[in-house]
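The following blocks contain the structures, represented as structure tokens.
What follows is a pair of complexes built around chain A, which joins chain B in one and chain C in the other.
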Partner chain A sequence: MLELRAITAGYDRRTPVVRDVSLSVEPGEAVGLLGPSGCGKSTLARVAALLHRPDSGTVLLDGEPVHRWRHRAPRAHRTAFGVVFQQPRLSVDPRLRLTDLMAEPLRATGRRNEIPDRVAELATAVGLTPDLLTRRPHEVSDGQLQRACLARALVLRPRWLICDEITAMLDASTSAALVAAVEDYRAETGAGLLAVGHDHALLNRWCGRLVRWDDLGPAA
Partner chain B sequence: MTSVVLSVRGLSVRFLMPGGRRIAAVTDAHFDVTAGECLALIGESGCGKSVLASALLGLLPANAQTAGEAHLADLDLLAADERTLARTVRGRRIGLIPQSPAAHLTPVRTIRSQLEETVAALRGVQGRKALRAAAEEAAERAAFPADHLDRHPHELSGGLAQRAATALALVGDAPLLLADEPTTGLDRDLVDHTVDELRRHVDTADRALLMITHDLAAAERIADRVAVMYAGRIVELTDAAAFFGETGPRHPYSRGLLAALPDRAFTPIPGMPPELGALPDGCAFAARCDRTTAACTAVPHLTDAVACHHPHVPEGIRA
Partner chain C sequence: MAETAVEPRWRSYGTRRRSTRTVRVRTSVALVAVTVLAVLLVPPLIQLDQQAVDLALKLQPPSWAHPFGTDDVGRDLLLRCVYGLRVSLFVGVVAALTATVIGTAVGATAGALGGWFDRGVMRLVDTFSSVPHLLLGIFIVALFRPGVWPVVVSVGLTHWLSTARIVRAEVLSLRSRPYIDAAVSGGASRWRVAVRHLLPAVLPQAALAAVLMVPHAMWHESALSFLGLGLPSHMASLGNLIQTARGSLLAGQWWPTLFPGLFLVVPTLAIAGLAGAWRERINPRRRSELML
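Up next, the complex of A and B:
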């Protein structure tokens, strides 16, 4: 289980954007967190993905409190999460070809020998054709780049997926295709999902449980 | 009586790439936008819709070649020189509502000073007092709150930045408004609000609005007609109420797009659009279409609102 208990977080201790928020995701569960932009839900998503250290509160991973964040988190923790953000162009190294971008986590964890098979498998899963894999980010569309970012998030077979507005920039068909790829992966692996966004119709259709930002907080 | 504000005939844009490659970004677009009307141009990123907008504004890069005509009253935008476009078209005859208002506004200056400058440039207003009054009036037209005029763009919420950009776009009283993805990144409430305001500017001053968007819900809310673009071509151009309503679209791609919505079937269209630099012969949608036949090896032209050899026939219509 992924549990966030009484999390307060932000970028300035005097004005935290997340105040005393609690939320949990069961294995295999899909939780949609619905809130307006600027409400702090993206910050909470970063805390959940161990990318942002909260000012106070506890994150528990299968009952164990997390003590280290970002690159200092133990490898087993870091690889337990796959994260996809709203704007693919801001979250990739523009010099990398898509295939290298997707394989990056494997390379970083010393699993180079798995690269060819895993990249081919994931390219199919996210709907990228082989000719696209040798291109760099500026040579593909936003939708294609986001597909590659999803593949990168899945490459280490994470148990938890954190998706922050991943379809906000995309057309309806590409959005539906990305969500379908996430759900195929979850059906196969039983991974849990925290999807944050502002589109009620989308999160309602996608997630088993919908949580409103305004309902979170000390009492929830 | 409807009067045509913008008339686009056979507009094509080609980009010449190094190595002699040609990218067919827009091919043979035909449409009109009339006063008091909103036409939504919809399609996915990379389908050519933003290139089309840039062509109308004369903002294409140097390696672009255009063909066809785009008449704004007596002026052919495609034939006009940069001086004419800069001095008499952008801001004056076409008001541009940009995709990311925060990036469009000048970061180091207050909204008031940007509005005053625009009012001075486009309306010839002079004198401190008159400028101040005219800028405040311009802000009010876009429902931008007067007590935020002395703020800088980064001190505004997304919604207020959008209103500031809209206020600037309206200053010149342009007969044509061009909105390029005006709702990207906005919350649903703010999307509704933004498009309702745009609609109001169309209705109250009989402006024509061409809105480019990938947001189908926004298009449904605001548009009188929709043009669907796929792989550089307009594949369907029809009445918005019929398109989003019971009748539904007729082109297989349009139907697929609507079916992908989360409150509809939520099923993606299989595959991806072709590269604009390597379009197949015949219908560009054929590889993804479930109605393809041998006839589809010939490019379908837009006849009777749809460019398809086997369009869906609305029920209740007999051959």
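Up next, the complex of A and C:
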């Protein structure tokens, strides 16, 4: 269970982007968070993934409150989340080949021996052909790069997936393929999903429960 | 018709621009190559003693036997200049490398850790920057006996500040990119983020700063030696050569000052030109400045 309670967060304490927002995701549940551009969805997603310390409020992970964020968070907590961002170009290190990109979390957590199998398996799952894997980010399209980003997020088998507008930059068929890959993974592992977006039709089809940003505030 | 008239003009403008740039780059490359070759090959290949004193031939103007003339104790100035350049270039390169390594380490650590550590380190950098480099350099040199290494240490320890600033700014801008978030979420430690993602990204900037630092460090070495604080005076360095030549300049003997001066100016301009071209490649937006 992932629970966000009365979260206030932002980049300047005087003008928080997210004010007093509460949200919870059950294991295996797919929650779609729908909101207009610039409302603070992405900030909330970063808080949920333990990447941004909220100014106030509590994040509960399986009932345990989280006190530490980013590097200070225990590695097991951080890697429990697979995060996919909106802009694939900005969310990859431009120097790494696609294979290294996908294998990076395995290297960082000292599981090098799993790299060949896991990368091959995930490349198939997200629909990347072997010739793409040796390329660098500038040599592939946004869609192909986003597939690699999804693979990177799945490589450590996270219990929660945070997808922040992952299809915003992509065409319909790539979007469908990515959503299908996420759903395959969830069917296999029972991971929870928090999908953030502004596309009502997509999130409605994708997620079991749809939450509107306006309903999250203290009034709700 | 109008189109055909306009297009060639555009083209010729483009090629002229590009060709001037390559001429500049080629000249710089050639000069740097000649300098490095001269400095590396002349001492082992030409078995002449740069210290050989011949008082009968003192202060001879340039001639075929001595193309640069001789100094006040009859030593061949061309040979002295090459040896001097050797020492100055060595000091310049080692000091620039030292400064860059210190600057990159400090800047990257401050930028990556942030918080009070960053603030403290940057205030320290500001404090050091407020003291003129040369003054601080003189202070450090004065602590040791004259020699090459005190000069290297002095220049190295006073010149990492700007590199630290550049690297820190770069790291700060990189730190907020989503790919760092992704690395954190993927379980990467601080160290791993720094070494795997941040350092490779700032390396081109740091290397450029190092190259730009070489001529700067050479000038500092010359300045210290000119003030009589740097290298021991028997050692041919460009600063020493210019310093000892001061007296003869007033007596109308121009060659002991001019040639070491040219040996200082030309290689430093060549290195700066090369670094400028490189900077244009990695950062085309800042085309106009040429930092020395």
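Keep this in mind: the second predicted complex is superposed on the first by the 218 of 220 C-alpha atoms of A that agree within 3 Å, B and C clash if a C-alpha of one lies under 4 Å from a C-alpha of the other, contacts with A are read in each partner's own complex, and residues count from 1 in each chain.
Here is the rule we use: contacts are C-beta pairs under 8 Å (C-beta built on N, C-alpha and C of every residue); 3 or more make two chains touch, one makes a residue touch a chain.
These numbers were taken from a predicted model, which means no experiment stands behind them.
> When the two structures are superposed on chain A, do chain B and chain C clash or fit side by side?
Pair status: fit.
> If you stack the two complexes on chain A, which partner ends up touching A:Ala48: first (chain B), second (chain C), both, or neither?
neither
> Which of the two partners, first being chain B and second being chain C, lies in contact with A:Leu23: first, second, both, or neither?
neither
> With the two structures laid over each other on chain A, which partner does A:Pro105 touch: chain B (first), chain C (second), both, or neither?
second
> For A:Ala177, is the partner it touches chain B (first), chain C (second), both, or none of the two (neither)?
first
> Between chain B (first) and chain C (second), which does A:Gln144 come into contact with in this model arrangement: first, second, both, or neither?
First partner only.
> Check whether A:Ser91 is in contact with chain B, with chain C, with both or with neither, and answer first, second, both or neither.
A:Ser91: touches chain C, not chain B.
> After the fit on chain A, how big is the angle at chain A between chain B and chain C, using C-alpha centres and going to the nearest 10 degrees?
About 80 degrees, rounded to the nearest 10.
> In whole Å, what is the nearest CA distance you get between chain B and chain C after the fit?
Shortest inter-chain C-alpha distance (chain B to chain C): 5 Å.
> Considering only the contact definition stated at the top, list the common interface residues of chain A for chain B and chain C.
None.
> Quick check: in the complex, which residue numbers of chain C touch chain A?
For chain C paired with chain A, touching residues are 177-179, 181-190, 192-193, 196-197, 200-201.
> Which residues of chain B touch chain A in their complex?
43-46, 157-158, 184-189, 214, 216, 256-258, 260-263, 266-269, 271-272
> What part of chain A is in contact with chain B in the complex they form?
36-38, 86, 127, 129, 141-144, 168-177, 179-180, 198-202, 204-206
> Which of the residues in chain A come into contact with chain C in the complex?
It comes out as residues 46, 49-51, 70-71, 75, 78-79, 81-83, 85, 87, 90-93, 95, 104-105, 108-109, 149, 152-153, 155-156.
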